[in-house]
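One structure coming up, written as structure tokens, with questions to follow.
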Amino acid sequence: MSRNQRPKIDEYPEYLFIILHFPIFDKQVGRLNAGELDLFIGPDYIITLPNQPLKPVEYLFERCRTNEEVREQLFSKGTGYLLYQIVDQSFDYCFPMLRKIGNKLEQLEEDIFIGRGEEIVRDISNVKQEIINFRKTIRPQRSVLRDLERTKQRYMRAELEVYFDDIVDAVERIWDMLENDKEVVEALEDTNESVISHRVNDILRVLTSISVIVLPLTFIASLWGMNVGVPGEGDHTAFWIITGVMIAMLVGMVTYFRRRGWL
Amino acid sequence: MSRNQRPKIDEYPEYLFIILHFPIFDKQVGRLNAGELDLFIGPDYIITLPNQPLKPVEYLFERCRTNEEVREQLFSKGTGYLLYQIVDQSFDYCFPMLRKIGNKLEQLEEDIFIGRGEEIVRDISNVKQEIINFRKTIRPQRSVLRDLERTKQRYMRAELEVYFDDIVDAVERIWDMLENDKEVVEALEDTNESVISHRVNDILRVLTSISVIVLPLTFIASLWGMNVGVPGEGDHTAFWIITGVMIAMLVGMVTYFRRRGWL
Amino acid sequence: MSRNQRPKIDEYPEYLFIILHFPIFDKQVGRLNAGELDLFIGPDYIITLPNQPLKPVEYLFERCRTNEEVREQLFSKGTGYLLYQIVDQSFDYCFPMLRKIGNKLEQLEEDIFIGRGEEIVRDISNVKQEIINFRKTIRPQRSVLRDLERTKQRYMRAELEVYFDDIVDAVERIWDMLENDKEVVEALEDTNESVISHRVNDILRVLTSISVIVLPLTFIASLWGMNVGVPGEGDHTAFWIITGVMIAMLVGMVTYFRRRGWL
Amino acid sequence: MSRNQRPKIDEYPEYLFIILHFPIFDKQVGRLNAGELDLFIGPDYIITLPNQPLKPVEYLFERCRTNEEVREQLFSKGTGYLLYQIVDQSFDYCFPMLRKIGNKLEQLEEDIFIGRGEEIVRDISNVKQEIINFRKTIRPQRSVLRDLERTKQRYMRAELEVYFDDIVDAVERIWDMLENDKEVVEALEDTNESVISHRVNDILRVLTSISVIVLPLTFIASLWGMNVGVPGEGDHTAFWIITGVMIAMLVGMVTYFRRRGWL
Amino acid sequence: MSRNQRPKIDEYPEYLFIILHFPIFDKQVGRLNAGELDLFIGPDYIITLPNQPLKPVEYLFERCRTNEEVREQLFSKGTGYLLYQIVDQSFDYCFPMLRKIGNKLEQLEEDIFIGRGEEIVRDISNVKQEIINFRKTIRPQRSVLRDLERTKQRYMRAELEVYFDDIVDAVERIWDMLENDKEVVEALEDTNESVISHRVNDILRVLTSISVIVLPLTFIASLWGMNVGVPGEGDHTAFWIITGVMIAMLVGMVTYFRRRGWL
């Protein structure tokens, strides 16, 4: 069996073979990966072959092992009900992940206007990649689960039908939330770009104002610094006249820039 | 019952269970949230379970309590008509919200060219998030209401059919307006980016022009400021010659930049 | 009747009720709005209720009033034909508007490379909003007119069918043109952004080149301007040696920037 | 008949009326326009009414006029075959145009990194408008040709069916290529933007480095240029001490910027 | 037969004609091209006509030639099975290519924040073009393979059906991976743009800070450098007073910029 297959459902005369993917947060690399769960379901048996440990499945079986009552409850209603429990618990595990992403997005929305620098670009990029990976895992699942809803009657009692609607519903909700998260993160990215553009604009306004004010004044001063016979050479009144003219220029230019809204 | 479920309609033999979401403006946080309204409709009863107070529903029941006539009118036509009234009033409540968003967008359209600075980025971002949240609330509703239209016959007289078309119509109108608002806010964002780019361009033109004009002149002045035997040392005519040359250079460069359209 | 309803067609036993929207250019505000036209069509009457004066409809009735022949021709073929005339004339009125938008887009395409400054951002933004509003008006119409084509048989002779195909065709053409206009205006916006980026780049290259050339030279000059015992103090040859070294540096740097393509 | 109609196929009892559009490169304006070809096909005649000269159609008829054999071959198989020949030849004419666009795109891909300046923005914009216009011409055709495939049996022998599949196939191929070209040109535009951003970044790094290094040194020099009693006034050793300190500062700052990767 | 045809499947009475495209990495130009494989499949023969050497096909036939057993195994199950082997092996060849693209994307994700300069723009652009070309090759294939699944029964035993599901599955997986890769590369491009914007912002902050601090100080120094009777002329205390004032200004401005977060 190849290492990573697409989620699918194959019907064989005596059993169903189901491949499902679930998002798993790999703490070491800090990214979301897809964990594969292969399932064989026959009329009186169910075999789970996870590619890597899936916490919700392990927890379910753990409870069966330790708790007589839970086992009784799960196993008495046929393999269909057990399948439902496994799949449902596994998808329920997505919601805390989605809440985390939602919280990160809300945090970012506030941080953008505070101006935390390049870090925020990295944070937005990471959340975006997380959402992309999450979507990659969930997307092919939707058609599989709809197929499952259609084929589920075989090993299930009719009254369980409503439970499976529940799973399809959960996956659609996950998908809707991811769609929305994607819109939000893209909007945040655009806003962040606008904020930076605005800051560049602000900084340039200051730089330009100061340069335009100070450079000409410095030029005039250096004009009188020339070692030629400058007008008013060695004259103390000349210093105050020139300084006065410069202050007048400065006031004029500052007023001008204030009016244009640059300062 | 889990805290927030997807809008849906479940048919049970004796009653209908409907979950609907409505946008509610949370004044404290300043954002749109989804309020959930759960409804059980049987042949002769209707139970409303709002997740949080929904003004239009509360107002409707308030009127029933205080006004005999209104109660008579609402309760005499069966639960179908009452359901229609509740849903219709709740969606009608969306239109003032949409009008508010529309007004904000029109205001922004004018403000962009006035140049209100970083605030406008924040305002555009807020309206965008509002529209995204509004869409998130309305989107899953559309299929539910179409389902409702199909299943509504059970507790309704046929002549009420036209009323339900009205609700579907209202939701479709809300959706169309949101689609349009989204297009508008994205266009505004793009325009704002262009406006900032243009301003950066304008400021840089001024900065460059002044620097390119003044810096070389200052250099020449500081050349004659060197404490070596400069040509025309201590000579008063020399000052005027150098100043004249500088004025000629200045006029030349200003003319050049005018022609290139930089000043 | 609420002030602004979605375009729709409602069939009643004795008459059809049709709501259509048409784009109207409001000269005062300078934007496209949607004008509503409500129509009641019975087997032998047609009632038009425009929300605001619609020129093509008014013009049609004006001609009926003044010209016996036109009235004869319009009224003799049943209400179906009259409906066709009203709707067709109203949509025909869209084409001059579209041509205007097309002309504006062509004008903008040329203007972008001329560099008319911030005005062009405003012009692009205005055309874009116009296209968005036009699309908003036409979009919901398409399904209504297809419905109309299906229900039209009631008060129409079969031979008129081909006329109604014509209207659907016209609306689809309008929609296609708007789709195309939208693509064009978005492409123009992107191009304009690129043009500005390029100009910023050009200006910065000039600014950087001049600064990098003149600033070090000024520094050297001011070094010899220090009131300490500079080498070659008071020496006339020193001036020419320093000036010579500076010219050599200038030539070297200009050559370097030419090679890097900055000047 | 109105000047420019949508591509369509109208079936009349005695003939088919077909409108098709073909892209024509207008050399004078340098843009792609749509040429219209109207066709009436009866059981034993075919009338072509091109809006403007269409080279492939003209060439086909030219060959019929001059070459007995070609005429025989074309006319002997019924009007269906002739229709097929006209349409097929006309669409075949699109492929050289597409190849030209493809070549331009490949050329642009190389040019972007060479940095040809504003010209490249203009070139990308032109290709994009060309692709948009091409798509505008081809898009409505696809459904018409599928209709044509369905209605073609009337004046055609069954064995010709495979030929018409060929035309549908050709148009789908043209459409696929245009879709791909659109993706490519948008990717090029984005890349070009990134390249410019990077260059702006590079230039600013140089400008900033030089300014930050030279400005403080110039300040120190001008400090000693003040006509007050500076320390080491008139002292030759002072010059070398100050110069030494400046060189140390310069080396320190250059090292610092090297480490930060700015120079 | 024209040089490059769209992937398709044509059914003839006695054989099937299939055109498939496979991505081939052309090492010389460094880009992905589409290699065409034409297949004629009759009840007891299969003819492969590759446009250019296709490694997986060649390798398959090579193994047949050298290994009796393999030949036996491949040829004994009918042409359907052989077709399946050829197509399956050819598509399997795509996965190492996809893994390479995936690795490049992961590498780029890390490189963006390191700041490798313009090279990274080129790398992102190249991967994007590769993904676009890959998609261009695979896209039309999907419908062909679904057609193939429908028509395959003719020369195949029923038990082979499950194998063909496998191919369709593989192509869908390739397509899903390409969709995801496209999302990832676009996200990387956006992130890279943001990173550059942030760097420009950072650099400008430094440039502005230094200019705004040093330029006014230089101006003051040059004011006292004027050859007029400056206050405190020749006075040693004056130097220290002025320097003291300047240090006070410097400290004040640095504190101010620190607070605004510019330094």
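Labels A, B, C, D and E are assigned to the chains in the order they are written; within every chain, residues are numbered from 1.
By our rule, a residue touches a chain if its C-beta (ideal position, glycine included) is under 8 Å from a C-beta of that chain, and two chains touch if they have at least 3 such contacts.
Computed from a predicted structure; not experimentally measured.
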- Item | Chains in simultaneous contact with chain A and chain C | B
- Joint neighbours (chain C and chain E) are D
- Query: Same residues or different residues: which describes how chain B and chain C meet, taking over half shared numbers as same?
  - Reply: different
- Message: Since chain C and chain D are copies of the same chain sequence, what is the angle of the rotation superposing the Cα atoms of one on the other, rounded to the nearest 5°?
- Response: 70
- Task: Express in whole angstrom the distance between the two chain centres, defined as the mean CA positions of chain A and chain D.
- Result: 34
- Report, in whole Å, the distance between the mean C-alpha point of chain D and the mean C-alpha point of chain E. 21
- Among chain C residues, those touching two or more other chains are 193, 197, 199-200, 204, 207, 211, 215, 218, 222, 225-227, 230
- Message: Tell me the shape of the graph of touching chains, choosing from line, ring, star, complete and other.
- Response: ring
- Query: Ring chains in order, chain A leading off, chain E next?
  - Reply: A, E, D, C, B
- Please give the residue numbers of chain E that touch chain D in the complex, ascending. 5-6, 8, 10, 115, 117-118, 121-122, 124-125, 128-129, 132, 135-136, 139-140, 189, 192-193, 196-197, 199-200, 203-204, 206-207, 210-211, 214-215, 217-218, 221-222, 224-227, 230, 232-239, 242-243, 246
- Message: Quick check: in the complex, which residue numbers of chain A touch chain B?
- Response: 109, 112-113, 162, 165, 169, 172-173, 176, 180, 183-184, 187, 190-191, 193-195, 197-202, 204-205, 207-208, 211-212, 215-216, 218-219, 222-223, 225-231, 261-262
